[in-house]
Amino acid sequence: MPDGAQPVLDVRGLKTVFRTRGGLIHAVNDVSFSLRPGELLGVVGESGSGKSVTMMSLLGLLPSPPAQNAGGQVMFEGKDLLKVSASELRAVRGGRIGFIFQDPMTSLNPVFTVGYQIMEPLRKHMGLDKERARKRAAELLDLVGIPDAARRLKDYPHQFSGGMRQRVMIAIALACDPKVLIADEPTTALDVTIQAQILELVRDLRQKLGMAIVWITHDLGVIAGIADRVMVMYGGQVVEMAPVKELFARPRHPYTQALLQTIPSLHGPRGDRLRTIDGQPPILRKAPSACPFMSRCRHAVPMCGLENPARRTLTPGHDVACHRAEELAIVREVAHG
Amino acid sequence: MTDAVTTTSARPPRNQWWDVWDQFKTHKGAMFGTVVFFAVIALIVLGPYIWAVDAKYINIRARDQGMSLTYPLGTDQLGRDMLARVIAGGKTTLAVGLAAMALSMLLGTLVGVLSGFFKRADGALMRLTDLFLALPLLPLLLLMVMLFREPLVMNFGPEMGIFILIVVAIAVTSWMNTARIVRGEVLTIKEREFVLAARSIGTPSRRIITRHILPSVMSPIMVSATLGIANAVITESALSFLGLGFPPDFPTWGRLLQDGMPYINLHPERVLWPALVLSALVLSVNYIGDGLRDALDPRIRGR
Amino acid sequence: MADPVRKPLVEVDGLKMYFPITAGLFRRKVGDVKAVDDVSFTIYEGETLGLVGESGCGKSTCGRAVLRLYDPTAGSIRIDGTNIATMSQTMLRPMRPAMQMVFQDPQACLNARMTVASIISEPLDEHTKMSKAEKLARVYELMDAVGLNRDFANRYPHEFSGGQRQRIGIARALALNPKFIVCDEPIAALDVSIQAQVVNLLEDLQEKLGLTYLFISHDLSMVRHICDRVAVMYLGRIVEIAPRDTLYQAPLHPYTQALLSAVPEPDPDTETTRQRIILQGDVPSPSNPPKGCNFCTRCPKVMPICREIKPALVEVGPGHRAACHLLDNNTAATAGPTGGNEAPEHIQQGENA
Amino acid sequence: MLTFAIRRILLAIPTLIFISLVLFLLLEAAPGDPLADMPLTIPPEVREKIRLAMGLGEPWYVRYVLWLNNFFVTEPLYWVDSVFGTDWAQGKQRILSYQTRSPVFDTISERLPQTLLVVGTGMLVGILIAIPIGVISAYRQYSWFDQLGTFISMIGFSIPTFVTGVVLIVIFAVWIPNSSPFWLPTIYDTTLRVQDWDSFIAQVRQMILPVTVLALYYAAQISRYMRSSMLDNLGQDYVRTARAKGLTEKVVVLIHVLRNSMIPVVTVITLLIPGVFTGAIITETIFKVNGIGQQLLLSLQGNDAPMVMTITFIFAVLIVAFNLIADVLYGLLDPRIRYD
Amino acid sequence: ERGADGHVNVIYWQAPSILNPYLSGGTKDVESSSLVIEPLARHDQTGAMVPWLVEDIPTLDNGGLAEDLKSITWKIKPGLLWSDGTPFTSADVVFTYDYCTHPEGGCAQSAKFEGVSAVEALDDLTVKISFADAKPNPYLPFVGAQSPIIQKAQFADCMGTKAPECTSANFGPIGTGPFKVVEFKTNDVISLEANPNYRDPAKPRFATMTFKGGGDAEGAGRAVLETGEFDYAWNLQLAPSVIDQMAAAGKGQAVSAFGTLVERIEVNLTNPSPSLPEGERSTTKHPHPFLSDINVRKALSMAIDRELLVEVGYGRAGRPTCDLVPGPEVYAAKNTSCFAQDIAGANKLLDDAGWVKGGDGIRAKDGVKLSMVYQTSTNAVRQDFQALIKQWWSEIGVAAELKNVSASVFFGGDPGSPDTFQKFYADVEMYANNFDGTDPEAYLSAYTCNKIPRPESQWQGENINRVCDPAYDAMVAELGRTADLEKRRELAVKMNNYLTVDNHYIIGLVDRGRVSAHSNSLGGVVLNTWDSELWNAADWYRVK
């Protein structure tokens, strides 16, 4: 982890809202993070916490309407991606920043061959001619571990299994040697054995290509395996951000803590009952004025209802947004003991 | 640890149609359509009381009049009051449109659901549909009219008898598309997990159909139904044209259009008004269909 | 640990579920999708049997066939001693209340056009003659039991979170006081934080009502948590079945081993150091399984014999059975030269069973 | 795919034979007499003789079998003869129309060109209008363009062609003086041969009105299908993927989404095509295009059973055939679908 | 000079389907073929006979007609050529006779040759027609557009059952007329060009003609009168106001002429009640419950305002009539007694006859209600008439249920259909009929007992009203024996009056003329209702 290097991607105070018939939905509230070169940032959080929306709004991929940017800046290569022109943004999409989507079954266009879909960004961003693009596409497929790559370029997505389709998605995202790769739950829809294959592949590729990666997932196990740093999101906000070991060892936010306890372990002692996080995720109808986790938090105090806790740095590299972060650290330590 | 959504007391389940209406109200097009539709209905139902002129009364001395106070929409070539004829024609047209559409939907849905749901019936029913699709309409209608006109007229009187005949004739020749659409839809819905769930409960097929399948195919049916009304109305006018329709002195909008065509240059209003109300009817029904489709789907309703 | 005193509730023997593939001019049957191919297991009253395996290996089909949502190709299914494998649907109807199902996708398994109350009362409509008020009372009771606010009775499924929807599904399954519930990946579509709620609920209900579960999942850690015994399926066959702890501590089949090693652990320390077995390639098509062991195309320890002969499920420990030639070899190594000859016989038995 | 097609064709044969029987019985049972057109001055005895000369004396099943034989054996022989100059038909009796006393196939082949030209162009123009309208309406859902499109297509759907046709005639041929270059002919000249630029222009001019009427009618329908299909596809995940690749909106919509949206629309259009062959009865009559549709109407009115039977049966064959083609096309367009 | 005036466009809204009138009796076919093939003699616009391919009209005076009325001899003009250049001879005339009377040919015009025992060629230019019995009206064969001469050479192989198979001959007959067929598209269009061998070297003035068919009367009228695309449009059955409005465009004019076509109401003298067993409905077994009463029939007639009907329906193309035979001049009865509408009188008549109005305004006597079914074919003007008449009848306490039947069914003789005009399963029905040429004998002879349509005759027969009176049959027989024109006239008028004003079996409404239209630039049009409208197309010219 090359500490202190200039971040490739720097997001500051990103806000995204959805204008719906039922009113505004504040899906992303003041999210900030930065991505250092070659780093893998894991993003976890429960469903609907705004992980996908955050990442998609970086590149303006949300349907608009209803989505709308409500503030913040996304610095990439010295430019604010929220302000650049449409054509500049398109040059970044797929060219400098690759994107892998969650569902490999539907994210590929069913009526075009896999080859065509891989070649598209190549021809667009790298200006390759058809032949060269095809060669490169075959290399890419080979790179992501699909055997007999040159022949399979002519196949359609439905002729691939889920795992292979996800590899194709990865190949598309990698096509133009992006500086940043954003992977939105790339393995959630896959079997564990296939997931293991993909994770192995990404580890490999990272070593080979050295790009910075944002990896969204639900699965703390995956995060533990591949992330350098972890960002925990809740209710459209970043509630905790820490290096991976630090986070698993010393989670500071009650949500992170609860999350770590809900998952049964494969090897550890088998508890009698699983810990749960009761209650509902917040409905993001209004701009947050209280801690979004308050209603489900076992440690909530009146203060939590009055003020949305700001993100602060607890120890270097470890940020939390909780009024009682310090106390809770101790509580947990005690509980562990 | 309370639920984020808490309410005070348990309300008993309320009628689902209220929810439908609540959603329906929010659809601007549908509300517009409803207003127009009811305006047309009001014209037809209340019209005769407000404008108490006999649509069949011939005042030959006052023929071919333009629009005036005595004859708001003018008169036709025999001096019949056009407004009264439009009102009277609407009654038949609307009745034929609605009844034929309903019957056609019934047939189409029945065949579609049966062939989609029961694999064994599928082949035969789809061949039947092909057969009807490939049958030429005109001879079929001629035949139906020849075979059934007299008995129907004897049993139900000339107007009711022909009404039944026309409604049945239109329905019998127009259910096939609905059947195909419904079948396709049923085939996919049949594979959905909630149908499997119903099976695991032990719900017999017939109740699976009525409880789960039918409500789910409502929206394609709704769409065909709205198109069906327009289709029925237009077919009725074509039938009148071929002399198979209602007695000639019995106005329908289709017939008014037909009758007005030769005078289009001389008295364009004779075509204009029936065309206007006809379009208004079809258009409003279409918008209502749009609204209903949204309103009937709780998923959209929630948005 | 199968307690011999406990009464078996569900006995599945030699279950086969083939889906015909037709082709050609006259739609002749040209083959089968062998979704479930000769599966046998027993579930004892009050216990939870886990069924794990990769996507497409036939878990759901197996679960559905056990409930007779499919007509099995062969084999017997005994529930409480009655063989339902060949019973007609009308005869089966009175048995339905005893066996229910909870589905994988809580969104898809609830009719989006029905209110929660009507969804939960559907089984009551079908099998009881309760009055409207009684039904409503029972619905409220069930909603309480699964932890749903009574106010939600006349809402629609889409207005709920995934976990709540799954509760609705569970309430529906419980409506008729079943003995046996097939849970077909009840938590796969749920958020981690909600999975725990549902699993806890299932456990609580089991405790309270003495339910028996067939718990289908591919989340091995959750299976470990909830199940008493675990069966591992691969390509339509059970490759290993054992009491939970035995399986997790000493998996014998290479597939089980690979599966367990592929599960990421939420612990960065072990994760970075762990040795994984990464399987190569994809699961073969169930319509055209390999000639020998189904796993031979991906098995890291594949031997020539694996490509020729299907291994049979053999007892390797108390309540622990696995189907692998390696184990034959182990036994062969200990049992002497005759062991090698026994293997083919095993297979024949397995095939005929 | 091939076996699928062959299977469907084999299945279609009994269906078609059955259809032909039903058609024949229908026509047989339908009221009406081929001699109705003749003046009342012709006495009954003469009429009876004429009827016998038409072959109406035979029982229906004999005539049915005769028709089947003629349709499936004799007529193809004649066709082969005319193409290869052979003489296999050996002057066998062909299917003769009651009205014209000439082989119905001659009439049909004489009329097919203008029907195909006019109705086909109408449909083509309709499609060409409908697709962009559908695409834009969907892409800008609920915009004024979309609302207007919906409105106009509903009008197009609800006003019968006999009204639109005459309105167009009144505007373009009556109100506009025929010295004006905007004046358009209302009577289709089927004898016009396109030889040079002038006759080409004349042909185009005389096609404008009927084609417009038909195009409006088809466009109204197809644009609706197009719109809903586009809407379905615009919400799909792969659209987002395409955008994430940095493709321009034009490429995303016109290549990725359109290609997918066209799949159901193409099949809808395929199913509309048999209608092109039978023509558009009302439009053909209004503009005197005198194609197959007008012939069918005339024959129906004149109770010309052999003509009606043959045309409707060909129509039935076309429907069955195009259903098959639609399915095959679906398979070709959508690589996910493989019939076997 | 031939061909100097270029091209002419004619539109018939009923498209010709064949150019051989012997295989089709349809007006459209007869008239279109009259441009190409011609009869020996024609009627002119006054109904007078004019020699066409012959020197003169054979009469008793010039000896062409035998004294015993048993033969007639036609002398063909010398030097006539077919359009293919071969000479026209008496052999062609004889052939035409053989062609039409072939027993298996199904000739549509065989009635024209009824009673003919032989047709012989005395020499190349002389044809003698012999009749079995004395024929007071021998001018039927080969006179008028219905029986033109066809070329022997062309049709020699088309006799009998082969007739329909000769498509090229049927579609392109070789003739002596002013035009010859270039291309015939059945039910669509005929392209014609001037006949190079036409007998008058200066004619026809048009080099080419397009004869377009199809559409409707409205469109045809519009094409001539409003858009100016066509020069001549046939039979504009349109409301007068519509025609006037079209004519106002100033591109052409409507012309009209009268013939023998009478729109009438036929009264059913037998009971059509559906409650009767099939086979007895509308047969003489059961007389009509109330229409057998002459007072009712008379009242029905009196209630009608014929002038108004004319005004509404036909304008210049119609005039009121009470008669069955409105022309030609010599035979016309010219009754006018019914012209004035007399509702009060009709009411009184019915009152006196004991028909009393019930609570619903409908008269009844002895439980028999004056409530009837009034049918006609589908046609806009007829439907208007129905509506009007229904209202007038309601004013005299007679209820009418209107019914319209598609013309193809109504006029089709299908014995299986309940809706034909012959079966007459209605109380009154309305249609128009006329007779060929100028002699009404055959027309008036229809109302004899043996011509009543009945199940045994497959419902064939022309006595639609089911009139059966020996006295009338006797008059028919007498007419068949009478050759003297004055006596024939008297008898015909008597018979006409018997059917109409005396007994009101037939309620004449409108003497329907023909309205056709031609453009202002088309000269020489003489509308002729006694023959083909296009009879003098050779004389047409372009107004410069």
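Observations on the model:
Think of it as A, B, C, D and E in the order they're written, each chain with its own count starting at 1.
Everything that follows uses one rule, which is that a contact is a pair of C-beta atoms (placed from the backbone, for glycine too) under 8 Å apart; a residue touches a chain by one contact, two chains touch by 3 or more.
The shown structure was predicted, so the numbers you read here are calculated from the model rather than taken from an experiment.
When each chain is reduced to the average of its Cα atoms, E sits farthest from chain C. When the interfaces B-C and A-D are ranked by how many C-beta pairs touch across them, B-C comes first. One inter-chain figure worth recording: chain A and chain D are separated by 55 Å, centre to centre, where each centre is the mean of the chain's CA atoms. Inter-chain centre distance (chain B to chain E, centres taken as mean C-alpha positions): 45 Å. Averaging C-alpha coordinates per chain places the centre of chain A 90 Å away from that of chain E.
Between chain B and chain D, the centres computed from C-alpha atoms are 26 Å apart.
Residues of chain B found to touch two or more other chains are 3, 5, 142, 146, 261, 265.
Contact of a single residue of chain C with at least two other chains is seen at no position.
In chain E, the residues that reach two or more other chains under the touch definition are 226, 406-407, 409, 417-419.
Interface residues of chain E, counted against chain D in their complex, comprise 11, 15, 17-18, 20, 23-27, 103-111, 161, 163-165, 167, 170-171, 183, 185-189, 191, 210, 212-216, 219, 222-223, 226-230, 249, 406-414, 416-420, 433-436, 442, 457-458, 460-462.
Within the complex formed with chain A, the chain C residues making contact are 54-55, 161-162, 191-197, 199-200, 203, 218, 220-222, 224-225, 248, 258-272, 276, 278-280, 282-283. Residues of chain A touching chain C in their complex: 46-47, 161-164, 191-197, 199-200, 218-225, 244-245, 248, 258-260, 262-267, 270-271, 273-278, 280-281. Chain D meets chain E in the complex at residues 31-54, 93, 96-97, 99-103, 106-107, 110-111, 169, 173-174, 178, 183, 185-187, 189-191, 285-288, 290, 294-295, 298, 300-303. Taken in their complex, chain C has these residues touching chain B: 64, 67, 69, 89, 92-93, 96-97, 100-101, 103-105, 108-115, 117-118, 122-123, 126-127, 136, 140, 149-151, 153-154, 156-159, 169, 172, 176.
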